[in-house]
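One structure below.
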Amino acid sequence: MDIHEYQAKELFRAAGLPVPPDEVATTAEEAEAIARRLGGTVVVKAQVHTGGRGKAGGVKLASTPAEAKEHASRILGMTIKDLTVQKVLVTPAEDIANEAYVGVLIDRSSQAPMFMVSPEGGVDIEEVAETNPEAIRKLRVDPRYGLLPHQALWLADFLYEDPSLVKQASKMMTQLYQAFRSNGCSLAEINPLIVTPGGEVKAIDAKVSIDENELHRLPAVEAYRDTDAEPWAETRAREASLSFVKLEGDVGCCVNGAGLAMATMDLVKYYGGEPANFLDIGGSSNPDKVVAALEIITGDPNVKAILFNIFGGITRCDDVANGIVEATKRIDIKPPIVIRLTGTNDKEALEILEAAGFSADTSMDRVVERAVELAASA
Amino acid sequence: MSIFIDASTRLVVQGITGRDGSFHTSQMIEYGTQVVAGVTPGKGGQTFEAEDGTLVPIFNTVDRAVRETGANASVIYVPPAFASGAIMEAADAGVDLVVAITEGIAVQDMTRAYAFVQDRGTRLLGPNCPGAISPGKAKIGIIPGEITTPGPVGVISRSGTLTYEAVAQLTAAGIGQTTCVGIGGDPIIGTNFIDCLAAFKEDPDTEAIVVIGEIGGTDEQDAARWIRENLDLPVVGFIAGQTAPPGRTMGHAGAIISGSAGTAEEKMRTFEENGIAVAKRPVDIVSLVQNGLRT
Amino acid sequence: MDIHEYQAKELFRAAGLPVPPDEVATTAEEAEAIARRLGGTVVVKAQVHTGGRGKAGGVKLASTPAEAKEHASRILGMTIKDLTVQKVLVTPAEDIANEAYVGVLIDRSSQAPMFMVSPEGGVDIEEVAETNPEAIRKLRVDPRYGLLPHQALWLADFLYEDPSLVKQASKMMTQLYQAFRSNGCSLAEINPLIVTPGGEVKAIDAKVSIDENELHRLPAVEAYRDTDAEPWAETRAREASLSFVKLEGDVGCCVNGAGLAMATMDLVKYYGGEPANFLDIGGSSNPDKVVAALEIITGDPNVKAILFNIFGGITRCDDVANGIVEATKRIDIKPPIVIRLTGTNDKEALEILEAAGFSADTSMDRVVERAVELAASA
Amino acid sequence: MSIFIDASTRLVVQGITGRDGSFHTSQMIEYGTQVVAGVTPGKGGQTFEAEDGTLVPIFNTVDRAVRETGANASVIYVPPAFASGAIMEAADAGVDLVVAITEGIAVQDMTRAYAFVQDRGTRLLGPNCPGAISPGKAKIGIIPGEITTPGPVGVISRSGTLTYEAVAQLTAAGIGQTTCVGIGGDPIIGTNFIDCLAAFKEDPDTEAIVVIGEIGGTDEQDAARWIRENLDLPVVGFIAGQTAPPGRTMGHAGAIISGSAGTAEEKMRTFEENGIAVAKRPVDIVSLVQNGLRT
């Protein structure tokens, strides 16, 4: 789960990291009032779950409260990479002598948390990794020991020469790792980490992703979830424990298993179609999940045909069949439905479907091809 | 022959009295797996009765189960909050193989559990995996036995149902398997493609291998290079997620394209560059395996 | 550092362990008032840094407040193993269905914390270890992982059959380890861990030793130090950073280095004397430490002769000589002083001492023999 | 020959600018030890000047010191609160030997640092130890060089000044040493008696060994049994603390008789039972070594 910059900064402050004060506004007037309270020049920053806010005009300096209001009114409601800006963060503008990058993430190849630091801050770290890899120092954190003091120092030592800066940054590495650990992060990033002309090291931007699997034990972090900022379909999918990703095509897909779901999307493409979504109903399906899945798929006006691809293992085909029948009673489904069912209880499923006027096939290829044709001819 | 599991495997089921645990215990017993013990804390001394009437003793701890039944492998069906602990418990009790079916384990928990099993030299399969089956011998996990049949092909996959799809098509075409292994869809897993490939290399009965990957990470690329350098068997590859958008998690926690890394295209290209026949569709796996076995 | 039972219970409660309520009294009247507040039968327990309180009559049941007062007045002021009881703990008497033992300590041979649990509670665990070792389950805690959930369960599983008791005890193992870790303990012990007739597991006695080296970061625990309960000489030694242990003999010893100090004591015994103390002035001696050492030694009326044994390495012999001269100016030292000095700056030291009317030797054996003779003839 | 350290040892001093660190760096250089680097965070780039004028470069981290000077051993003079971290830093930087002089490290910190050096295969000597000296070759730590002289005896001790006493008496009697090792007085130490005995066993120049123990623990008893089973050299033992009362810590955190375990009497008896000549007084060590060397 991605959280907003202002939320990430709250977590960082709680871990002791030096983060300048700030407040969130949802209206231009609020932004103006905050700028007045803070005094001096402020930055107005769009709060959306994506990078590239600056380039999109979502980050602006304001030297007066009136200017802050003006910027906020332009940024609020702006669309950045398909996301509508509903909140802005107002924070004092800092004088910057130096910008660096500090991040920690779960690294799958070393099976452990990994720190990355670079004296090239304020830019995309992946770009630095490609163009100037020597400008990045990496450290695998042994999860049995956590980040050790000498490792924090070793990272800080790569960023600065001045002993005072190294000392400050070293402490911040430990605090960042603490924030990463205690909030179940898969990513925690400070970019840029700045040095002020007075020699203070501060975190002036923050990016955090939380491992969804940790949220059950982190109610305060779970509360950060911004359902206003996410499409209805994603909220609905999460509530029904479905994995769902919206795409741009017209063939709605409902599959059990993530790998098979991706393979189904790929096969839609192979036969000349475009999938409208990724949707995995998971292993232990029940009819209600299937109903939710059909609600989500039919909620997308682009969808011209609906494709079920079920390989019964833990998933029982009759559960899925019952779900389809149930859903057609509860919702008005316009696009045609084609169904592939095989595996556990497929015979029972076929009986249920045929009794309700549906048919089903056992071949994945035949069904996908048919769905693509139906969508194209709709 | 087979890899990881065979008829001598003596299995303890952690979470045997849960919904998934009890269902699949019956399935595994029906398939012929020697399920010698179950573990559910607080239910030690009770007995689990499988659907076919087989009785399995239940213990409070894996340690007791291992000491009293000589179990040498464990399968885990416990809820995610307790699953990494269950993995460490099994490793501590001295089993050789731990298969973690559970989906949804916190990744940071897994980094510690992974280090733990490494420290003890225990093989961990999963988590978030369907397990493994050596057709005609034994199965651990949830792979439906009826879609498999004994034969010369080794199958390795990050996915569950996609594996079933591929295996069922192989079986339908009369091509059997030595062992089918689901390594799991999480970012941190105990056994990767190369570990399985190395095991298949040592198995004289395995004559061809199917590798089913997906977007995210570099495991498939690493495997491709390893295959070129180490393996003298025909290998067929398939990658799911050609149409997946970057930056979004596709169901499996590990299935995410980060920046420009981990795309299906990159993985398929690396497969081809290293002499692996790439199937465009799941159905093409069958004909490519047939080609491979013929040569 | 040993702390009192009531202090250990405070630490245990803070870690979530179920410990019955209690209060400390320093007078019999206070004990009576507490017994009245608690209601029902109470236990009055002497608070001293030693075991065997029960056998010594320091633990008594009282069924009325008046009886509590009576017991408290007898226990307060009582001497148990040379320690005077200055406080009693008053706590409700618990009905006991079962007693077990749980402890965790630093185990030097496994270089890690070690749990020991036994269903034979309420008795000396060392006795159980000798007479019935199978009644003890031990677990080495890997410090890289801490106490893992299955290990806590495995320990609890050794104590009880009933699942509810196992579950409660398992949680308590984790809490006890947490208390052990966060308070820098070298030992944390619950003996007995009881089961009430109603099936509740509770800690009704608590014993904790703190690693002195942790105290600098644990001010709240450092504040538990009960200097009233310790002899003046120990307080003085600690303040001066000296290692000191009072013994029963008449030859006062002042040595640099713990091993040499013990060897010196042994040599006193070898030559027929009895050492009055162990005293190590440490490596980086300065004259003030020597003055403090002489204050402590001369504060013991048993001392008939004072023996210095200094092997100069880091310790500079001239520092010690200056300290001796300085001390004789500040305090009136009656017993004769014999001095052995060798190593770093021993020549300078000899000059200083001779100028002040002392002599010194370089042989440890000669000097010890002389000190024993002087004490015997005093 | 010698054990652990010799003329090829290239030493980095952690805490070189502190009071103890600077004093003993000069002493070690004067003795002939190759001190190639110092570490004090925040003072990297500066230079330490020893009493004899030798200049030693200072680095912020041990990693830098090792990379730039090829140091292969480290000695630690940093305050106790930072010393366990310093031990791990040295091990992480890849030196072969870490000698921790610092006294007063929290025992729980040491349990982690000990596991860390074990994981990395680094030899740790100490903490709370005087270090080691191979007379005529090099010394690491604080043992006064002038009380030693080259010769055939290996010395191992848990104590500092008591070691000096014994070594000085050997030297005065004309008996030199291959290496004198102080293993430290704490409950958790990196190198124990057996580790040193095994190293001396491999040293062809060591013809007799002196083991100086004290009350607390069972290290001496373990060593005694090991000696009987593995060692073909004369060994002389001494145990300090015959007059120590039970339950009290005698200076060294590790010097405490727990219950009836760890007494001097028990240790001396175990020595004798395993063929080790026991010295009643420090001065008797000399004659017993002379006897041993003669046979």
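Order of writing sets the chain letters: A, B, C and D. Residues in each chain are counted from 1.
Keep in mind that, in the parts below, contacts are C-beta pairs under 8 Å (C-beta built on N, C-alpha and C of every residue); 3 or more make two chains touch, one makes a residue touch a chain.
All figures in this text were calculated on a predicted structure; none of them were measured in a lab.
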Taking contact as defined at the start, I'd like the list of chains shared as neighbours by chain C and chain D.
A
Between A-D and A-B, more contacting C-beta pairs sit at A-B
Per the centroid of Cα atoms for each chain, what is the distance between chain B and chain D, given in Å?
50
Could you please state the distance in Å, as a whole number, between where the Cα atoms of chain B are centred and where those of chain C are centred?
55
Mean-CA-position distance for chain B and chain A (Å):
28
Could you check chain C for residues that touch two or more other chains and list them?
144-145
Can you list every residue of chain B that touches 2 or more other chains, as numbers and ranges?
112, 115
Given which chains touch which, is the overall layout a line, a ring, a star, complete, or other?
other
Pull out all the chain pairs that touch, please.
A-B, A-C, A-D, B-C, C-D
Flag every residue of chain A that touches chain C in the complex, lowest number first.
144-145
Footprint of chain D on chain C - complex, ascending
106, 108-109, 111-113, 126, 142-144, 181, 184, 186, 211-214, 216-217, 243, 245, 247, 255-263, 265-270, 275, 278, 280, 283-284, 311-315, 342-344, 364-365
Looking at the complex, which residues from chain B come into contact with chain A?
19-20, 23, 80-81, 103-108, 111-112, 114-115, 130, 142-144, 147, 157-165, 168, 185, 187-188, 212, 214-219, 238, 240-245, 248-255, 259-260, 264, 280-283
Can you list the residues on chain D that touch chain A in the complex?
41-44, 60-64, 82, 85-86, 88-89, 92, 112, 115-116
Contacts from chain C onto chain B in the complex sit at residues 144-145, 148-151, 153-154, 157, 163, 166-167
